[in-house]
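Shared between the two complexes below is chain A, which pairs with chain B and chain C, respectively.
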Partner chain A sequence: MRRSMTFALPARGFALASNQGWVGLALVALPVLLLAWLIIYPIVSAVTDTLFVAQPDGSSALSFASYRFFFSDQYSRANLWVTLWTTLVCGALLLAIGLPIALYLRFSRGPLSAYVQGLAIFPMFVPSIILSYALIRTIGPNGAVDVLLNAVGLPKLPSPYLTPWGPVIGLVWDNLPLTVLMLTAGLGNVPKTSIEAARDVGASPLRVLWSIIMPRMVNSLLVTTSFAILGIFSSFTLPYLLGPASPEMMGPFMQRTFSDMNDPVNALTQAVIAFGFCLGFGIFYVRSVARNRGGV
Partner chain B sequence: MMPGKPAVADADWIGVVLALLLTLFIALPLIVVGTWAFSEIWRYPAVIPQQFGLRYWSLTLSRTDVWEALFLSLRLATTVTILSAVICLPAAYAFARMTFPGRNILFLSFLASHAFPKFGLLVAIAGIFLQIGLISTFWGVVLIQLVGTLMLMIWIPVAAFQNVDRRMEEAARDAGAAPLRVFWSITLPQAAPTIVAAVLLTFVATFYETEGAWLIGAPEIRTMPVLMVTFINNQIVVQYGAVLSVMLWVPSFIALMFARRVVGTGTFAKGLGA
Partner chain C sequence: MNRRDFLVTATAAAGMLMLPRFASAAATTIDLYSGSDANIIDFWNNIVRPAFEKAHPDVAVKITDAGDNTGLRAIADRALAALKTKTDPQADIFETFDSRLPAGGADAGLWVEFSAQNIDGFDRVNPLAFDGKYSLPYRGSQVLLAYDKTKLDPKDAPKSWEQLTVWIKANPGQFIYNRPDKGGSGGNFVRRAIHEANGRNPKKFTIDNFTADYANRALTPAWALLNDLASSLYEKGAYTAGNTQSIQLLAQGVVTMTPVWSDQVLQAIAQGVLPETTGLVQLGDLALCGGFSRMTVFSNGANKDAAMKLAAFLLTKEMQEAIITEIGGFPGVSWDHISDELRRKYADVIPATIPTFPAGDWETTINDGWYRNVAPGISRT
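Moving on, here comes the complex of A and B:
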């Protein structure tokens, strides 16, 4: 339709296009400028502010002092370590829990499947502040888990609240919906016919999973993991409320350095270090979304 | 056909196990909060509270800090949502329907807001706000929450504008309707449900945004989530937090269910790159 119109009126179509260029740019200018001012500029400025430090004589010189401090400070290193540990454990748990759910949802229908899907997606509708509150009452000392264990005559378990496992439980809870959704979408790329063909020649379910499904899921698995890692590495609310005070994850650590210690330079250094650790995942994430969508 | 039958039985057995485990993992914490909100006395080790009642609802609702935080949060979320819609919806239309230089690159650049660890980004922004005096101000929190809404408010409406039936627009134009009239009577009504859903999602997400509000707003700007954090930190009466959770969560849940029906859960995953 459009083509026939431009064909009939080439001159007008051309004028429209060049006009549209300016109108279009003007319409997108505000959000793009906001993005440049509040995302791109702060990142660049965080890097330069921590690398080029003001000297007594008013000039600024390249200095790695704040980075050297971070990596030589035992407390900072412990915080980085617990962050990496939490990210790794959460990532592994999310895949271990999310993949069976996604596989089940892909290959079954009916009310039970709808119930499983509803539950798996439910955390999306629960803000993390409410989740933190709920988990403290559930896994905290004398919480619901203790109550239930006691009711069936079992001994109490050591509470994960205020240990590194507290944030792990919260973060897995919080990130499960997107993991399941992204993996289910990825499984949509595996044609049912090729699975049935493999079954017909006698392949075991594990063999089907490993040789037919997994190779087609690599990209989807990597995107899902990247997205989860980006979210978990610098999460704040859940580790702040459920985790130990020391060592703490990078999110609470940055917040405390910035607000309580009034030390923006070291907080920015921690932020840049977080960017560095997540850079690869961020690039991979953007690249695969860009490739999937191919622009607008 | 032989292998078909056991496979179905297997799937159901797996489904029952998954359903049970998920019920325990996902639903238990929420049931616990819900129960706390309506109990007056609940001492360990009772499975069911010793005394149910609504006493803590009236106690919570008589606190002035609760009402101040609620009105502040509503004012913030409304401001951010309106600003976000005014800035982003025209841009979404342009991305969906116009051709201009750099269109694809600019569109994809909004991914940048999701490609960095979020709290690190917030700290970097806070570093800028510190230099220009926006820390602990209403507009500082508005700006930091506004950035968080950009991608949602552009990517979902773009899909809405792209799905509008072009033939109807052209038919209207052929019948002599002016471009604005076509937009108002044909384009907008078709895109409206998805756009309303995006606006609703933005409002709810902003209302519950904790990290930016905590980092930029402290100590002057105390939103509802920030107030709940202080309730947890100060460990005052358990029921206050439980009552607030239930009270705030129910309306937002209804809004989100509506949004989900319109947008479709798959779109979230697609928008995030699955």
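Moving on, here comes the complex of A and C:
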């Protein structure tokens, strides 16, 4: 059977290869078409709708007015600023919390690490609306934390509920599983042999982390950060329920502009600006993936 | 399974799926969409629908939860597009909707114009409740102040705006209201401040007298009143993201007083979410505003006539009294058309008048003005 196949190959080789090419293209076509239809087209239409604004007489003219308004409006800028602040603080906190957990999961064995892993993944299965109400009941004023502190005679903590720190706590909790999973996967690239070799020549644990593990982790750190940042930048539920009325993050701000203010042009402008920032973070991600594959 | 078997089974399965459509095609099915809270959907499913289907055996009602107002707007947009192409919008009636939306819809003839000619009992409707001719009010609700009787003696409860502000300032951190666009309890508290800043005269605001200039003059002093209160609110000026969260803070004993919807607070007390020691008070100098829920009927709906019957059915005495007893709401008809027994029982919460505030441009201007002028507040440290 196999033998006859190899005999047949030279004659049919060309036809087979071109067939496979078509199949490959057809397989790729579906996601590419979906991407073009559901992502690229809305982006292009949003950008043109905000730049070519419909005039009262029905025609449309090139205008940067909505962008000028956004960047000259102190209220809008405060919202953009708090979104960037929340995103960066969450990104830093996620790495600071996720990396030790990932290191522990990578280098420890035994039943305890399985439980830790389970616990770290758990938030992935909790919908954010439920998380929000649960957080109001625990870290909110007179919540479970206050009750426990009170029981041991300690004073109440100032509650983060309805302050910019409310969404930060919620978002870090919500994004932790993805961060830990991706960092653990990245740590899989670090061969145990090089760590053991470094230890054999007397490197301290900190030295191992800095000189052996970190250089191999740069890529997955970049990927993880950009993933977390992209998710947090566009988050809606947690900042909506836990955050202050003002400044608000871009997600609730866009929704409010669109449906409460009946102002689609300004909502689209906010969306395009948010997209611009996410594009920046996205380029990081694409570049590091491409570098990983030996591309760029 | 061979190919022939597969085809036979698949066809049969597809046929089964079609069956309910054929079955319901025999009788008229009204497609009703609601963007209201679960208590209202339950009311429609458990009270209105059985009663209506009993009175009209040939008509069925299908109640769909559209989620929120945005969900309804998507369906209204679709219906407006269907009106232009003369196709079936697959929707007949909205439980509550602002007939000014979608933009240009009313002018294009999307909504049925209600009048005594096409609705039985139209003249029984409370005249205060109307908001244009394309929507039919059928239930109302009022905003009250709910407070914790264990912390505030009922005889000291504020009865006027002035007493309320004195109390708020004397008890910093004990009052909170929600963002005006996120729920009517905070929204109507803000509107009460606007009334206060404009001589407590609700007649000064109508749907037609909105101009940007007038709004600026009328609203600026109200923002000053609210900013003056801000530093005495919970967390020196925090605002919850909805009616429910305000009730939650009251239930957790974090604040002593908060504005609430009458129907929501009565239900919360009945369900034990709020304790029995929850007191309710209305301001005597001018009540906090109320709001009415108004049905809209599509003029191009396939079951328009049946939908109009349903709309009229909601104005019957039976349904109007159910609104009071089942969901703690206010009737859409005048109180004269409610039985004496019920009127006596609810005498305490029946307002002599429910002040209302027009929606439309006023609403967006108030919401945006509040976010820009009051929400940022002063430094909260």
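The definition used in the following text is that the second predicted complex is superposed on the first by the 245 of 296 C-alpha atoms of A that agree within 3 Å, B and C clash if a C-alpha of one lies under 4 Å from a C-alpha of the other, contacts with A are read in each partner's own complex, and residues count from 1 in each chain.
Throughout what follows, a contact is a pair of C-beta atoms (placed from the backbone, for glycine too) under 8 Å apart; a residue touches a chain by one contact, two chains touch by 3 or more.
Here the structure is a predicted model, which is why all the values come from computation and not from measurement.
Visitor: Name the contact category of A:Tyr75: first (chain B only), second (chain C only), both, or neither.
Guide: Touch status of A:Tyr75: second partner only.
Visitor: If you stack the two complexes on chain A, which partner ends up touching A:Arg256: first (chain B), second (chain C), both, or neither?
Guide: second
Visitor: Should A:Trp22 be classified as contacting the first partner (chain B), the second (chain C), both, or neither?
Guide: Touch partner of A:Trp22: chain B, not chain C.
Visitor: State whether chain B or chain C is in contact with more residues of chain A in the superposed arrangement.
Guide: B
Visitor: Output check: A:Ser288 vs chain B and chain C. Expected answer is one of first, second, both, neither. What do you get?
Guide: first
Visitor: What is the contact status of A:Asn175 with respect to chain B (first) and chain C (second): first, second, both, or neither?
Guide: In the superposed model, A:Asn175 contacts neither chain B nor chain C.
Visitor: Between chain B (first) and chain C (second), which, if any, makes contact with A:Leu241: first, second, both or neither?
Guide: So A:Leu241 meets both chain B and chain C here.
Visitor: Is A:Asn266 touching anything from chain B or chain C once the two structures are fitted on A? First, second, both or neither.
Guide: Neither partner.
Visitor: Please work out whether A:Gly143 is in contact with chain B alone, chain C alone, both, or neither, and reply first, second, both or neither.
Guide: both
Visitor: For A:Leu162, decide between first (touching chain B), second (touching chain C), both and neither.
Guide: second
Visitor: Please identify the positions on chain A that touch both chain B and chain C, taking each partner from its own complex.
Guide: 136-137, 142-143, 240-241, 259
Visitor: Within the complex, which stretch of chain A touches chain B?
Guide: It is residues 1-2, 5, 17, 20-25, 27-28, 30-32, 34-35, 38-43, 45-46, 49, 100-101, 104, 107-108, 112-113, 115-116, 119-138, 142-144, 146-148, 150-151, 173, 176, 178, 181-186, 199-200, 205, 220, 223-224, 227, 230-231, 233-237, 240-241, 250-251, 254-255, 258-259, 264, 267-268, 270-272, 274-275, 277-278, 282-283, 285-286, 288-290, 292-293, 295-296 of chain A that touch chain B.
Visitor: Which chain B residues qualify as touching chain A in the complex?
Guide: Going by the criterion above, the answer is residues 3, 7, 10-12, 14-16, 18-19, 22-23, 25-30, 32-33, 36, 44-47, 87-88, 90-91, 93-96, 98-104, 106-121, 123-128, 130, 143-144, 146-147, 150, 154, 158, 162, 166-167, 170, 208, 210-211, 214-215, 218, 225, 228-229, 232, 238, 241-242, 245, 248-249, 252-253, 256-257, 265-266, 268-270, 272-274.
Visitor: Contact residues on chain A for chain C in the complex?
Guide: 75, 78, 136-137, 140-143, 159, 161-163, 240-241, 244-247, 256, 259-262
Visitor: Once bound in the complex, which stretches of chain C touch chain A?
Guide: My answer: residues 69-70, 73, 101, 103, 179, 181, 234-235, 238-241, 245, 248-249, 252-254, 364, 367-368, 371-372, 375-377, 380.
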